[in-house]
Every structure is written in structure tokens, then in C-alpha cells.
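Both of the next two complexes hold chain A, though its partner changes from chain B to chain C.
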Partner chain A sequence: MSDNKSKTSELSRRGFIKVGAAALTAASMPMFFVKDAWAAKDFRNNPGTAGSVKFGFNVPQSGAYADEGADELRAYKLAVEHINGVGDGGMLNTMKPLSLKGNGILGKKVEFVTGDTQTKSDAARASAKRMIEKDGVIMVTGGSSSGVAVAVQGLCQEMGIIFMAGLTHSNDTTGKDKRRYGFRHFFNAYMSGAALGPVLKKEMGTERKAYHLTADYTWGWTQEESIKNTTEGLGWKTTATVKTPVGAGDFSQYITPVLNSGADVLILNHYGKDMINSLTQAVQFGLRDKQVNGKNFEIIVPLFSRLMAQGAGENIKGILGTTNWNWALEDEGSKAFVKSFGAKYGQPPSMAAHTTYVQALLYANACEAAGSFYPPEVIKQLEGFKFDGMGNGPTEYRAEDHQCFKDVLVVRGNDKPTSQFDLLKVEQVVPRSQVEYDAKIFGGELGPYEV
Partner chain B sequence: MDAIFLQILNGLDKGGAYALIALGLTLVFGTLGVVNFAHGALFMLGAFCAVTLQKILTISQKVRDESITFFEAYKEQPYLEIWFGDFGTKIIDWSVPISILLAIPIMLLIGLAMERGLIRHFYKRPHADQILVTFGLAIVLQEIIRSFFGANPIPTPAPDIVAGSAQIGVLLGLGESVVYPWWRIIYLLFSGLVIFLVFAFLQFTTFGMVVRAGMHDRETVGLLGIDVEHKFTIVFGIGAVVAGLAGVMYAPILPPDYHMGMDFLVLSFVVVVVGGMGSLGGAVAAGFLLGLLQSFASMNEIKAILPGIDQIIIYLVAVVIILVRPRGLMGRKGVMED
Partner chain C sequence: MSMPSLRNDWVVMAIFAAAVLTAPIWLSPVGAGYPDLLQKFAIFGLFAIGFNILFGLTGYLSFGHAVFLGVGSYTAVWSFKLLTMNVLPAIALSILVAGIFAVVIGYLSLRRSGIYFSILTLAFAQMSYNLAYSVLTPITNGETGLQLTMQDARIFDEPTTSGLPSTELFGMSMSGYSGFYFCAVLLIIGFFISLRIFRSPFGLKLLAIKSNQTRMRYTGFNTKPYLLAAFIISGMYAGLAGSLMAVTDPLAGAERMQWTASGEVVLMTILGGVGTLIGPLLGAGIIKYFENIFSALNPGELHQIFSWLPDWLENIVVAISSEFVGDGWHMTLGLSFMLVVIFLPGGVIEGVGRAYTKIRTLLKSDEANESDESVLEPEPVLSAEKE
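Moving on, here comes the complex of A and B:
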């Protein structure tokens, strides 16, 4: 006992600070294991003890993509209902693993505000800023353009608010412009190229000459590059790559040079209205009835959507492309979502509706799993998150670039639609392994967790 | 050679559309002195006459779609097809040409209502006020169309018989690759016909003579006891009809959407300025000139030397012409110079 006493008396002087530090550390240890332990740490738009939390749906409500925006908004409203425990639950019945309990997020009801991106980067940023600063949203989501996604993502990183991107297909969104606070569920141009490659080889062979018409902005450039790399990898030659202004309307002056260029494939790196117009006009110029180099002339539209197919009408029939998701898929998640959406709105959801619905659910689920709305904790939950039952098979939010990796659909404009919605036929479900790539190839830095 | 021929044809075809829109615009400006920024909206409304008639002709019986089991979906079969079989299908197929008949009275009424209801109150106001009110009107009109028809383009195809392209290369002894869509050839001929009719109307009718006289000297014509204002109201209606017809015929080329008028508005003003404010001949000449230049500037050979020239050529030419000939190609002295 006396030995012990003398030892204690020696330590009390020399080790006072050490003991104090150890005691503090020990006292703080439970913080790492207790839910909401970080709640004490303040962050922008922290809901604190409020009974509700607000999402910001930033979608194009006017301009060329207003129809896509309207469908995104329908999906978001459905997602909010399901998160709050209203309705049949949709994909919450099929999502695995699931932390949400159908009573909001961490017991707080979800509310929302909407903004109009107008499909313009500056308008989208202003709208997101207003939602963050004035409406106090905890998360911003939506959009139907890569230009918008990159702009809003940058803003959200600066303001410490998580951005769950909507419809954006440029490699840059999760490549050179990726951000720690930005997440994309939608697939990208690289994946479209990788998915299309084998199908093109099988259908059109290895000796083709391709002519690209490309929308002159970030998405068009990256898609052209990805598809060109794929087709040249097959042995195809690239006759020309021509940039066209966004919203050109009449593309005839760009199509006439195709006629005697020697090319036997036209690749339209256009989306939305531009794609509808360029495809309609290419068909009017008789390109699909043409024979060049002893082969049938072919048109490819690497990125398709049902809403675009509607606008292109008859001209889309037989044209190959890729899509992120289609309402006719037979998996349980897709069926549950289509059933909920169809019952509420009388029409099946578009791929824009699907990706935005899934994004809202994924964010909510990550908060529930993290036990907090504190963005760095939610980000860590989403990074590397593996899930299933949401319409695309087993999916992973890759931690390195915040890009979702999942199966990609190769589709063809349906020759014999059985209904007004049956415009795209799924030709092939390309497995995730075929469209995967090293995150380093597109560069970029995610940036810090704490901002 | 084939490539150049195709670009000439393309330029003329584009020019036809530009000339037709600019003709109506300059007709209104030359007579009423109004800078009508709603003229593009009239073009769009014309295209939507074709869309509306197509929608009316395809009013359908809804039958439960049994292939969709997740929710209640319906298949649609047009009543015209149910009642008249193949003949009904033919009528639907010909909806665009038929809609010309619908567009003429509708566009005339819209033009008259626009002039009497709104624009005449701005004759004595500065041009800036006229621009603001007509631009506002254009936005209102396009938002009304969006609320009824949505934002996405609506396919409005030409009749099947002219849906393909003509082998004009074979006809003219050029290469087989020289093909051109039938409908665009029809559009070119149609725009030529409308331009001819407008000029003939102004040149060879008493009404036209009065209008031309009024364009030169409104006051003197008024002093002769002629109700110039009444005549000019009708001219506004004619301008609306010309823009509307340009829109109807353009529907198969560019699936109409609510914004298509705005896309053409700036371009048509450039055409009018290059042609000379108030000069009908100038508007037509400038329309074809700019159409041809735009077409040639889009050739890969030209773009290889001057990248991006296709996107600025029209404005570049406008700057040069205004610098060299401030009144435009055929502008008259005293117009817009007060």
C-alpha cells in the first residue's frame, strides 16, 4: 500500500496534464458512438429541434426542359410522401438496405420548396442560393442539364449544402468538376459509350465511318469524346466532328454536308429539343434510306429519353441509344415505383423522374443511417453506399467520385409500340462491370468535408 | 460541286423562311411604323394552327390499355379513323396542308385583334414603348401556348407522300448523294409564291396602291380623304397571315414548341435591318442573302479556316452592311431617322 501511495504522489505532480488529457479523451469517447453526438456542432440550416426539415427541388419549370422538370417535380413530391409515410411507400418497400422508417427523417417531417433553373446556369445558381439562404433547405436536388449541375454543385460545395444531381450526363459532373458535396445517381457519357460499343459492333460491324454532330457545351463535348473513343476502339473511322450551337432549331445546314462526306453513320450528340430537331431533319434528308460504302446508313442517338422519343415521333423508330432507366423494367423496385407514380399521375415516370426520386430517397436514407443531418456525416454514409431494389440492380455510390455505378440500358426506338408510352424497347441490360472505369481518368478533386 | 449545290439549295430554303417572316415584319413597320416584337409569336401561332388542327383531327376514343397493368392507361384511336377508315387516316395525314385554310382566317383575326386591341394605342408612343409592349405580348402568347401544349416540341409531320426526299441529283445529272427533302422544296416554292402574291397585291390592286402611297406619305394620303388607318389595320392582318403561313408550313420541318417564335425573332430583325427598314424588296433580298451565307458558313471547309463562323456570320454581315450602308441594302432615306 505504502509503495502505491508513494508512486501516486510521484505521478500527481508530473502527470497531472497527462491524466487530465486522458480523462478528457475518455469522456469524449462516447461521442463517436452516440447518435446525434455531432448535432451539437452547428452547420448551415441545421434543423436542430424543429419538427420538420426542408428539401430544395431546383428543376427547370420554364424553358426547353420544362416537361422534364415537371416530371422531376412529380417524382420529388411522391418521394416526400413516401419518406413521410404517406401513400403505398413505393421503392421504400424494395430498397435494401433501408434505414428510413416511414416517419420522415430522424422523426422530422420532410417539407420542400421549389425553384426554377430555367436550364440556365446563372438562374439555377440564383435559385439554389435563394433556397439555401432564404428557405433554409438542408439539401438541394434536381436539374436537367450538365451545365446547371456543375454550376449548382460548385455553389453547394461553397455553402456546405449537399447537392443530389438530377439529369446530368456529362463526364465532368463527377469528373473534372466533381465536388465533395455533389452526388450523381444518373449514368454518364463514358458509360453510354462503353454500353453501346459491343452492340454497335454486333449490329454495324467494325468498318464504319462516323460523322458526329455535337451540342456545343460540356455535355456534348464529353459525350462526343466518349463515343468517339468507343467507336474508334472498334475500328471505326471518324469522318468529322461538327459542333452545333445549342438550340439551333434548323440543323439542315449541318446535315447537308453529311450527305456526301463518305460517312455511313451519323451520331447525334444532342439532347432534348436539339435531338428532336436534328433527328427529324436527318430523317427528312433521307439519311435512313441511304446506302453508303455498300452499307445501310445508320443514325445513333447515344442518350435517349421517353419524353424525347415522344417529340421525335415516328423518326425515333429503330434508332439505337442508351438510357438510365425505363418504366417497363420488370424488377420489383421499378414495378413498385411505376405503380405508385402511375396511380398518382396516370402516366409512367420518365428516366428523369426515376433518378430524382431515387436521389431524394438516398439522401433521406443516408441522414437516417448517419443519425444526423450534419453534411460530412451524411456524405460519409453516401460514399461507398451499396444498395439494391431501386430499379437498376445492385448499385454503388463510388466514394472516389460520387458517381453511381450500375447496369446501363441499351434501347431502341420501338417499331411496334403497344401503348402510347411504349416508345423505347430495352435491347440489352449492360452489366455494371462493362461500364466501370478508373475514377482517375477524368481528374478533378472532391474537396474537403468541412467547409 | 455537289456539296456547293446542296448548300445553295439549303441557303435558298432557309432564306425563304427568313424572307417570309421578315416580309410581314417590314410590312407592318413600313405602314404603321411599329416595331413589332410579337411578330415571332405570330409565326409560332401559325405553327400551332397546324398543331391544333392535328389535335382536333386526332380526337380519339379512349380504350383501356390492357398491356399496362401497373396503373390505368388508355389506348387512343382517332374517331376519324373509326368513322371513315382509311379516308379518315388520309385526312389526318394531310392535316398540315389543310391547316393552311384554317390559319388564314385565324391569323387574320388575331392580327386585327392585336392591332385594334393593343398596338394602335402605341402609335404615338416612342419606339422603346412599342418594343416593350409587343415583347411583353409575345411572352404572354408563348406562355399561353405552353400552358395548353406543354414545353416539348410536338411532331407535326408532312403528308406521307412528301415525307421523304427528292433525288434531284439524278434529275439534274449530279451525284446520287444530292437529295433534298420534298417538304423543304415545297416550302421554298411556297415562300416564293407568297412573296409574289404580297408584291402583286401591293402593286396591282387599288388597295395596294393606297397602302404604298401611305407608306411614302401618310399625311397626304389622309388629306385626300382616304382612311389610311383602316387600310393599315388590314395590312397588319395581312402581315400576321404571312407570318402565320410561314409558321404552318414550317411545322413539319421543326416540330413546333412554344419558344420557336423567339428563336426566329432576332434573326428576322437582323434581316429587316440588313434589307433596310421598311423596304419590302430589301427584306426579301436580305432574307435570301443571309440564308445563303449561313448555309455556306456551316460547311466544314469554311469552318476549318474560320472556326465558329457559322454562329456569327449573320451578325458579322449585319455589322458590315450597317457600317457601309447605314440604311441597309435597300433602305429609304427618312425611315426610322426622326
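Moving on, here comes the complex of A and C:
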């Protein structure tokens, strides 16, 4: 102890100048680092004369939506190859109008960094910040949860980095939480409701009682609201709406009450592994074999994808829902994409993969068309951009809310799949005009071009 | 026990301050010199320092400390929404509200000690988490997280015309490096307060509670007020850390209150060294570094790092090490935690101390050398806290 002490005081005497010098350096530190990042016409992470630009792929690699995240990452890697002119070019062969030349963007090669959102807003923002501040990405894209999309979109607006949303289906993403720097190609809950309505009427009539189980966050809330509005418009009654936590794993405590509620339709506003679990458990509880009010008990999953169908196996057969895109579509764009994705990974892409692939190409194309990476210019290119040949027929990025408008697919779990991937049957292609709405109904403001 | 002089503490503080403020320089070679991670270091450092005042000094292991972190964040965001974007009111309110929560939770939980205390705090934390997650969604916005909107009142600010306002301190933006320096200054102040508490008679009484509470009571001390005070102080530290999270990034999510977040601060403290001044800070730094840097490494980057090896060896090394980065970072963290607990029960700080003694004995045996050349910078910190 005394030895220690003498050592300390010795150093304190000798170290005075040392410490003083260190303190001075420290005090002057802010001057070094706080520089004006927004000098005239300059912008954050301006690639300048560098030979390459970086994209940030921020996808869930763990948690309830990890399967979708993995498929998104595959699609992003493919998109980067195609933009850089590697491989067969995929949708670059079918996209119209096309500015990209297959030599990167504006002659710069595209590179990328990845991050794990963990399907948590905090982690997603931390990961996006790392990409922006450390890796210097010019654009952030990805996400498989609306909660994450809304959080990251807000961050990107503050930072002045464009965010191309991945799989996010909440009305809020381009509704009350829309941002100037955020863009969504995927469809939303309102469109799902509008597309499902007529099919439900035809299949199940107008005298139904619906019970909702809803993932407890922005996406679940808005989907429940949209589907409820649609079904109540048909004359259905809503027995109950129950919120369940995301990633619950076991849904039996939520499903038991359904049995005795008098409802004859169960609407599962769940996604990813949550939907797989809740649907499987609902079927195990014998809901689908039941007769209630003299009708067959039905289950509806308003949003589902092939990946989820794969997870749910037998249980998905005959179940109705909507989807943004399906690999079995026969148009040129879809075929080109499925071909190059299949060649690289040996399996067809999911709708998550499709929307993220398209988003990456759309951003790259907008930069090329704008002749600049300066975000306000790129945003103006994307706003109101009309394109075709990307798997959904003629599509428009509406300028008022940065939402893409296109046809919506009503699908049913395939009764007789011909392969392990042939799980969804397209029941009906609902035209764009039927799912369109006024941008003002959800409120929200885009905010400024310059931040 | 000889009390170190105030002068020594000032040296400790000066070195500490210099190390914190120059962090952007000496952390950039390891890829950690960017604002967001630096802010996290400072914020979780504060959280761990505060936790250490309770756990390190009194030995009471709170397993629900993330409550105060979450409460601090929510309070700060509400202050940004309702009052002003200036960060000072937000921070003051957060510390206050976290303190109030600590009074309530502390008063109830401290009726028990040991494992029962831990379980009680854990129960309160899970309760608060579930409240924030689903019951109180009008206040917390549930899973989506509480965010700023254009429609917020902000009664002390001019109405904004161009987009969302950002947090500021009298016009200075609180993101990027300025945000880090703000957190760093608060970290230094927080460290100083913790140092004074460690050195004070109050700190000594807390230590006495840790070593033998029954004997304390026999000598006529009522230990309860001291325990409660320590609990509240450490809750306020957590509230401050939570508010800083909102200051640097105005968003608050319920997952900040989850038991994993409470567990994280326990890990940080144990990994760094329980009851030492600088240990929890080191632990916080290590865990945040793993979480942000290791999780983002991929085989491509590993190839770059090991490119100096011969090709065949490089491939083997990359194949093995890639299991430990990216998704595998949790495993790496778990393994290092186990190693530390088994071989260095005093945490990383004990390792540093042992290495230092080793070096010194080596140098002493080699008398020709001037030993002062080998004196490491952390030495005064280490020796000071051994007192």
C-alpha cells in the first residue's frame, strides 16, 4: 500500500507537465472534429472523386424476421452485381425507363456494408449510424419491420441520407411518419384491405364475426385498422381485437379465448416466425375444423409471403392473404429476376428479396438519371417516377407520400404444390385503381429537401 | 487504510479526462473512433459507473437497473416533445424522474437483501417493461418507440418550418462529435462524483454494509437510509445515461427496459471489475465494442485483416475466426466473460493490475533500467483505487 502511494505521488510531481500537455490537447480536440459538414453544395458522405460508393444494407439477421432478412441480403448482393455489370443483368434487361449502364453508378463501382437490425428500433438505428458515420454509406436500405423502418427513416432524414425501405407494410411508413428521405416500394396495409375486401365477400359472405390477433406495433395496428374497416364495410362484425407481443413464440394463451368468443373468422395480423407460430397453433387447436354459427371457421392472414408459407407447411393450405410479389409471375421482369436469383442461390426469391432488389436498382437508377449523388436531386428523380418491367406491371412512386402504386396480388396457400417453392396460388391480381387512396388521409409531412 | 490526498485524485481526474476527451484519436485505429460508438461508450460508461455505486459498494445486485435507463429516455423525449429541444431541461427532468422511480422501487425492494432483492428488482423491471411495451402505449408508443413529430407542442421553442428539429445545447447540435463531447463532459463529472463517493465516509459506510451488515446494525447504524441513498444515486446515474441516449438520438424504445438490458450492465460491471472505479467503464467499453464492431465484421474484412499471413494459413485463420464475429459475437462475448470470471475474478482491471505488477517486478530485477520509463498511464488510477 505505502509502496503504491509513494509511486503515485512521484508520478503526480513528475507528470505535471505531461498531464498539462494532455489536457491542452484534449481541450483543443473539439476544434479538430467539429467541422462544418454542410459546406456549400456539399453533403454528407459525398463520394467526390472516389472510385466507388457504398450502400448500407441494414437487415434483421436475428429475431422473428431473420428469414426475410437473410433473403433480403441475398437480393441486395445480386442487385450490386447487376449494377456493377457482373452476371446476367437481371431486371436491368427489362426495366423501363433505364438510365443505368451496367458500369456502377455514374462510373463509380458500388460496394456495400451490412448490419443487423435485430428487429429492434434501437439496434437498427445504432447499426444505421455506424454505416453512415463510420463506413460513409451514401444510402441505407433494408429492414423487415415497420417499427424499424419508421425509426431508421427518421434517423436518415436527420442525417440527410436517403433511406430505401425494405419490407414494411404499415400505413405509417408513408403515412403519418413519412419522410422526404424515405421511399417505399412495398405495398401497405390499406392496399391489403382494399384488395382482400371483394374476395372475402365472395368467399365468406357478409355475415361474419371476426377476431383479430395483432402484432403489437405500428404495422399490426395499422393493418388491424385497415382490415377492420374493410370487413366492417362488408357488414362483418368485429368480436375482439387482441394485441400480442412481437416474437412471443407461444400464442396458445391468445388462441384459447378465440374458441369461445363466438367468432367464426380469425384474422392473424402477424408476420414472419410469429405468423408461423400463431397459425400452426391455431390449426393445432382445431380452429379450422370447427363450425361456428353454422359456418366453417376461417383463418385469414392479410399479409403473407412464400417464406412464411414454407415455415407453416401444411397449415397454410387454403388460407387467403395478399402479397406484394410472387416468383411464379409470368412477366418479363419477374422471370429475369427469378432466373438470376435462382442461378446464384439455387432457390426462388421471396417477396422481401424482390422489393429490396427493386429498391436498390431504383435508387441507383435515380442517381444515374440525376447525374449526381446529391440527395435532393436524387429525391426529385424518384418522386413521381413511373417505371415498368420490375415485376409489378406499371408502377409509380407517388410524389406526395413516396409510396409506390401498383397492382396487388390476392393469394391462397396452394392445396397441391408442385414443388417445395410452389406454395402460393395467385387468386386475383387487383388493379392499382382499386387500391389507390388519397395521400392526405393518413396525415404526416414529408419535410424539407435540404437538411 | 491511508486515504489518498485530494491532490492525487486531481491527477487521477486529469488523466481520466484527458483519456476520455482524446478517445476519438486513440480509438480510431481499432475502428471505434466514430461519434455514435463514442457516445455509446460514454453513456454506458455512466450507466455502469452508477450501477457500480450500488453493486460495487453495497454488494446489492440490482437486476432491474434498466428501468431507470428507460424512464430517463422516455422523460427526455417527452421533454423534447412538450417543452424544448434544449437538452438541459430534458436531462434535469430525466434525473429527477429516474430518482423518483428509484425511491419507490428502492424503498420496496430494499426490504430484502441478497437474491430476494435481485428478484424483486427484476420483477419491477419486467413489470415496467411490459407496461411500456403494451399497456402504456399512449405514453410510450410501444414497440414502435417514442419519436418526435412535427405536431409536438414544444412550448418554449419557435414553431419549426423546415422538418424535424434536432436536439441542441444553446444552438450547438447534439449529434456527431459535439454530442460525444457533451456526453464525455458529463461522464467526467459523473466519474468525479463517483470518485468522491468512493473516498467519502458515506462510501465507507456502504462498503461496511457490504462486508457485514449485521455488525453495522449492532454498532447502532441504521443501514436502510444509506442503502436507499446509494440505490437512488445509482438510479439517477442510469436516468442520466438514459436521457443522454435520447439526447444523442431522440427516440425511446421499450427494449431499453428489458431484462437483457439490465443484465448487460451487470455483465459490464463484472467484466470490468466490481467495486473498482474504472472497471465498469472498461467493461461497458468492451461490451459496446463487441456489439458494434465484432458483429459487423464479415469474412471479407477478415481476409483484409489477415492478408499478411501466407494464403493457406490466412484461409484457415479466417475460417476459424469468422465463427466468432458477425452473428457469432455473442459467443465471443460469452467466452471472454467466462474466461474473465474464471481466471480474473476481479475483472479486466485485475488483469491490468497483474500485468503491471509483472512488468514492474521484471524491471526491478533488471536494475540498470530506469523504471520510470515503464510507468504506464493507468498506473495512478489503479493504485489509487487499491486503497
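Here, the second predicted complex is superposed on the first by the 411 of 451 C-alpha atoms of A that agree within 3 Å, B and C clash if a C-alpha of one lies under 4 Å from a C-alpha of the other, contacts with A are read in each partner's own complex, and residues count from 1 in each chain.
Convention: a contact is a pair of C-beta atoms (placed from the backbone, for glycine too) under 8 Å apart; a residue touches a chain by one contact, two chains touch by 3 or more.
Treat the numbers as computed from the prediction; the structure is a model and nothing was measured.
Touch check for A:49: first (chain B), second (chain C), both, or neither?
Neither chain B nor chain C is touched by A:49.
Report for A:448: first if it touches chain B alone, second if chain C alone, otherwise both or neither.
second
For A:338, select first, second, both or neither according to whether it touches chain B, chain C, the two together, or no partner.
first
Please indicate which partner A:260 is in contact with in the superposed arrangement: first for chain B, second for chain C, both, or neither.
first
Based on the superposed arrangement, let me know which partner A:286 touches: chain B (first), chain C (second), both, or neither?
After superposition on chain A, A:286 lies in contact with chain B alone.
Can A:314 be said to touch chain B (first), chain C (second), both, or neither?
first
So, does A:245 touch the first partner chain B, the second partner chain C, both, or neither?
Once the two structures are laid over each other on A, A:245 reaches both partners.
Contact-wise, after the overlay, does A:134 reach chain B, chain C, both or neither (first, second, both, neither)?
In the superposed model, A:134 contacts chain C only, not chain B.
Name the residues of chain A shared by its contacts with chain B and its contacts with chain C.
Touching chain B and chain C on chain A: residues 62, 245.
If you look only at chain A, which of its residues touch chain C in the complex?
Residues 1-2, 4-5, 7-12, 14-15, 19, 22-23, 25-27, 29-30, 33-34, 37, 61-62, 113-116, 120-122, 125-127, 129-130, 133-134, 146-147, 150-151, 154-155, 157-158, 172, 176-177, 180, 216-218, 243, 245-246, 445, 447-448, 450-451 of chain A touch chain C in their complex.
Please give the residue numbers of chain A that touch chain B in the complex, ascending.
Contacts found on chain A: 62-67, 240, 242, 245, 247, 249-250, 252-254, 256-257, 259-261, 273, 276-277, 280-281, 284-286, 289-290, 307, 310-315, 335, 338-339, 341-343, 346-348, 418-422.
Which part of chain C faces chain A closely enough to touch in the complex?
1-2, 4-5, 7-8, 11, 14-15, 17-18, 21-22, 24-25, 31, 34-37, 40, 133-134, 137, 142-145, 147-150, 162-164, 166, 175-178, 181, 249, 251, 253, 255-256, 292, 295-296, 298, 327, 372, 375, 379-380, 383-384, 386-387
Using the touch definition from the top, list the residues of chain B that touch chain A in their complex.
2-3, 6-7, 9-11, 13-14, 17, 65, 67-68, 70-73, 75-76, 146, 150-155, 157, 163-165, 175, 177-181, 183-184, 252-255, 257, 259-260, 263-264, 294-295, 298-300, 303, 310-311
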